[in-house]
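Two complexes, one shared chain (chain A), two partners (chain B, chain C).
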Partner chain A sequence: MSDVTLDALPPRRFSWRRRILEGGGLWPAVPALVYLAVFLVAPIVTLLGFGFVTLDRGQVADGSFTLEHMTGVLTDPLVWRLTWRSFWVAVVATTLTLFLAYPVAYAFSHLQGIWRTLLLVAIISPLLTSALVRAYAWIVILGGRRGLLNQTLLSTGIIDQPLQILNTSMAVLIGMTQIHLPFMILPLLAVLAERDRRFEEASLNLGAGQVATFFKVVVPMSLPGIVAGFALVFAVSYTNFIIPQLLGGGNYSTLAVQVYEQTIVVLDWSRGAALATLLLGSCFLMILLITAVGAHLTRWSEVPK
Partner chain B sequence: MSDLEIDRLSKRYGKLQVLTDCNLMAEGGSVVTLLGPSGCGKTTLLRSIAGFVEPDAGRVMVGGRDISMLPPNRREVAYVFQNYALFPHLTVAQNVAYGLTVRRRPRAEIARRVDEALGLVALSDFGGRYPKQMSGGQQQRVAIARALVLEPKVLLLDEPFNALDAQLRLTMQVELRKLIDRIGITSIFVTHDQAEAMILSDKVAVMHGGQIEQLAPPLQIYDRPSTSFVADFIGRANIMPVQVRAGRTDTPQPVPTPRPDGPAVMIVRPENFEVVPGNVAGWPGRIGFATALGATIEYEVDCGMPEALRVSMARAPGSGPLAQGTDVTLRLRSTDGAIVLGRGAAHV
Partner chain C sequence: MTLSRRHFLGTGAALGAASFAMPGLVRAQSSRELIVVSFAGQLQEPHRWLADQMEAEIPGLTVRLVPSESQDIVAQIKAAQGFSPYDVMPNGEPPHLIAQTEGYIVPLDAAAVPNAANVEPTFMALANGFGVPTSYSLIGIAYNEALVETPPTSWEDMFAPELRGMVGFPRASSNLGLGALVALARTRGGSESDLEPGWAALEELQPVIGRSPSQLIQMLEREEIAMAPIWNNDAAGAAGKGLPIRFIMPDPGPIVVLSMTSQIEGTQHPDLVHDWMNRLLSPEYQARAADAPYFFGPTVTGVPVPDAAAEYTPTTPEALARLQTVDWSVIAPQRGEIVDRFDRTYS
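What follows is the complex of A and B.
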């Protein structure tokens, strides 16, 4: 069976001047690009640059390019321990958000009218308060003998001794999972709510039950949303320093917390900048890995004809 | 080969009655087409057979067994979707194997049956491709292979040719009809294309406003439509109000009818009229518009009725149409070919 194909149109040639004017559709993005270049790229480059020079009373010492801060950071076993901790906290928290977010997004896709609107408001409303406030709220809930959780469990007699959750990695994971949940729900919601239900009907018609249909059709087809949410939540979890600091109780340090402390407390900007370079670089590598794995898993969506 | 029987099926969405007392019988191995304009309920009826729609009343029987209460995954009726609904994340072979995999058939059996099914639709070499890499016609064949590999009792197809271009459509229609005859599976098509219904079906169910207006073989539907809607939807029809008196119509050429005296409508196909010059017994009129279509000449003749009468005549080689404005008379070629219906059947 042959497909009807159109003969390719002869390529149109434009002068270089015309090409620049047309800009390949880039022109509308220029305001955003300029804004990002001035207010994001320039500060980051400056900050990271501090890791490769010696600073003297807030001034860059002349001709002081050095790799000393970078090698100091990279050869410090403590730094590697903190990097590893940042990594697994972020991976565990991201995985937890995925398992909590998926049922919410799935439920959303099955709701209609006012219920759908109400659920969307519930999903988004935590974003109305800052992460800092929510971190403090978790201190109130988890903290000590008089925290909401322990009070409730003690008064109902479920436990005799107060649980020690605050100032442990458990508290960090709980806080991080809750605070970053919306960033996982929203990309999942986008793919699940817009999905074509005929694929599920086709699966049922071919003899699969509801559960098999969910795992063999709904989940694989939502992989693009899962990958997007995973990359997003991993990035914000890996680089967050407020939650480990507040809920980890000062003695729970991660790479991001170290960057904060070196820069704000110790005032060693060069070491802080070198640590930030490591944080940013390793985060980029992980995002690349996640998207590469994602692209491999969803290669069916981009196959050539 | 299992019979499919639909027994007084009704469905209502809120205030909207989409199906009213639909009865349908498809003998084992036969092809029935549900034909009607959009919104007539034909797809809802097909979806109720598959179990995607829960009817308010009525039964669906396959091979004498009531399947109305079974969930869609236990009905053993295959459904081919309008856009095929091939799983994009699975290869062609995995798509065809899907139903066997969820039934946990042995791996060797799955491989063998998938090969057979792909061979049946001449796609043996395409098992490793993803649906996106296939053309529309190939995707349709994959969808049919995926449905047939499970050896279902009934095959349901929802406008399966809609996504294909006109040339390919005719080829696929003929191919599919041959395939169905070879396998001998009871099949129900949904379509709004009357030519497709004529090509594919043993019986056509013409639907209108949630009801089956007529269920009969295609030619019988064409020759003996039971309502003016059916007459107008299948082919073209001149519909004229007439009076019946003493077993005949009060028309220039009286048509015998068993109907009681009173108002009725008469339906005449354009090819059952002929244009003759001069003043003889018939409908006097004036040529309003003429088109020569090669094999036939089409006239619109103004006979003083609200709508011009349409005539289709075979064209003799070398001859052309009569000039516009010519005074002519319309005659019935055969008074038996004219259909007289009661006024009640005259809703269009």
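What follows is the complex of A and C.
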């Protein structure tokens, strides 16, 4: 009875103010949301909008809405070739980071005291230098006859002709895997370090071996970390512009590199914006797919309703 | 006229505000900033020398040099929709033409830049009435002495069979790439309006593509490539650091590209821009920029090329006559297509 009476009452006027003061609901996020709307959403919408209008000397021509740039991009075989390249480089680099990151995160969860701190410092320290510096470091290591790698291999007599690694897909993959490794380790670390060890003890007690316990208990428990790391590293690898630019050489292009070329070099902003729309849209779809697959794989962890 | 109280107060407030603002206005007059687009690294030093002189002579003036590629600057001016953050910029001939048609630079006020009268008339004509030619650079061939036994003498020498896979080439989006493509086309009987032989020559050359002149120099240094078309100034900079990189002016002649300094549309300080342009054409600046280690070709008549520049700049009338000019007005309209074709071939 009392419920009905309460529902019938008009909403009280001070409720909004009270909610702000009490910090409930979405309100605490408002400053961040306003910031994102002004400095992220608005510029992105403007940029993407440029893909659907004709620009004349930096001004939008009146009544010039057109799908021409978008269809031009979508029907261009070069664009699809570069999209495919961006995609597979990102998938391979992300998979490699997963295989390299998992043992590190697993080891972290078994370390104690000073060793644990040292490992954490080692994982985070590459983030203290910019990706640009790390890409240049790879140029020094991989580059030509005078690169560290070739010099070592040539002087020890293992090879007699320098290996051609820099300015190939291989260099881009190596660079991307190393540079993005911390983004995979950190989510895995959070999940693996906090996991409930009693499940493993139970598995061992019930007769499963170490290997079976690892694959059937530890790995499934770390799936949320794997999914988060995979989505994160895929997104930054797929849209990365600096690493292909520096390590892939002048013959190498990806979708992100094309966005730069069209916007800065050719000054065709409409095509650049149409390419950016494709890059952003396809990346968004892939992230949705990764999270959907992740949700499917971890559905056992949810309490049935 | 009757003065109401409100009117009186309003006027008083305005006067008060003005008196507060006046010192600010005076300050703004005496402290001004000229923002000049410049070159990167060592090549900026002649500009810095000139800027220091100008700052010493004009009280309150700060000259800020911004090292940047002209293509990035043009993109920024375009993004600013005419409200350029820069006052004056040097452009190679291709972007100079594009900046004219897009309206980013303004025609030269010759009376305000008296030294423009001393510029070599053939060079001055190429400015099309916009800006002044302040230097010239050459596109020739740079090679790594450790890898090339017989130094090249002509453009054709890049095709030597023993160099296969070891020749670098710049992307066609840069002035260097466009100039080198024209040089190849001409070597094989083509021209600015018929670049097809140049494209065929590129296919035969199977070059390693460098994204920028500095990347090509680095590739030469790391011995990834043995030879590449390059700017004389960049090759000189590398050789000056002790690297085994030499520059030649290949037969039938190196490509000459003028650098035009222009006033950017919408500048707040046209007087300072004119002063800057005039000083760039002074014999002192021209001689300094032409000397080691910069080797910017002088555009003012009567400025001698120093002996140290012999490897990088023509010193004799015969060598000057060998310089190959390019009709950029034919290339500029095709630039988008050329870049696109290059992207499709080398991506």
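As a working rule, the second predicted complex is superposed on the first by the 279 of 305 C-alpha atoms of A that agree within 3 Å, B and C clash if a C-alpha of one lies under 4 Å from a C-alpha of the other, contacts with A are read in each partner's own complex, and residues count from 1 in each chain.
Throughout what follows, contacts are C-beta pairs under 8 Å (C-beta built on N, C-alpha and C of every residue); 3 or more make two chains touch, one makes a residue touch a chain.
Note that the structure is a prediction, hence the values are computed from the model and not measured.
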Clash-or-fit label for the pair chain B, chain C on chain A: fit
Chain B versus chain C as contact partner of A:Leu186, first or second or both or neither: neither
Partner chain(s) touched by A:Gln59 [first = chain B, second = chain C, both, neither]: second
Touching partner for A:Leu267 - first (chain B), second (chain C), both, neither: second
From chain A, separation angle of chain B and chain C (C-alpha centres, steps of 10 degrees): 150
First (chain B), second (chain C), both or neither touched by A:Pro220: first
Touching partner for A:Trp300 - first (chain B), second (chain C), both, neither: first
Touched partner set for A:Gly147, first chain B, second chain C, both or neither: second
Contacts of A:Gln258 with chain B and chain C, given as first, second, both or neither: second
Contacts of A:Leu173 with chain B and chain C, given as first, second, both or neither: neither
Partner chain in contact with A:Val79 - chain B first, chain C second, else both or neither: neither
Closest approach of chain C to chain B (Cα atoms, Å): 46
Chain A to chain B touching residues, read off their complex: 1, 3-4, 196, 198-199, 201-209, 212, 216-217, 220-221, 223, 298, 300-301, 303-305
Contact footprint of chain A on chain C as seen in their complex: 71-72, 74-75, 78-82, 102-103, 169-171, 173, 208-211, 215, 218-219, 221-224, 335-336, 339-340, 343-344, 346-347
In the complex with chain A, residue positions of chain B that touch it: 50-52, 71-75, 77-79, 81, 83, 85, 87-90, 98-99, 102-103, 130, 132-133, 135, 137-138, 146, 150, 165, 167-168, 171
For the chain A and chain C complex, residues of the former touching the latter: 57-59, 78, 81-82, 139, 143-147, 162, 166-167, 245, 249-253, 258, 261, 263-269
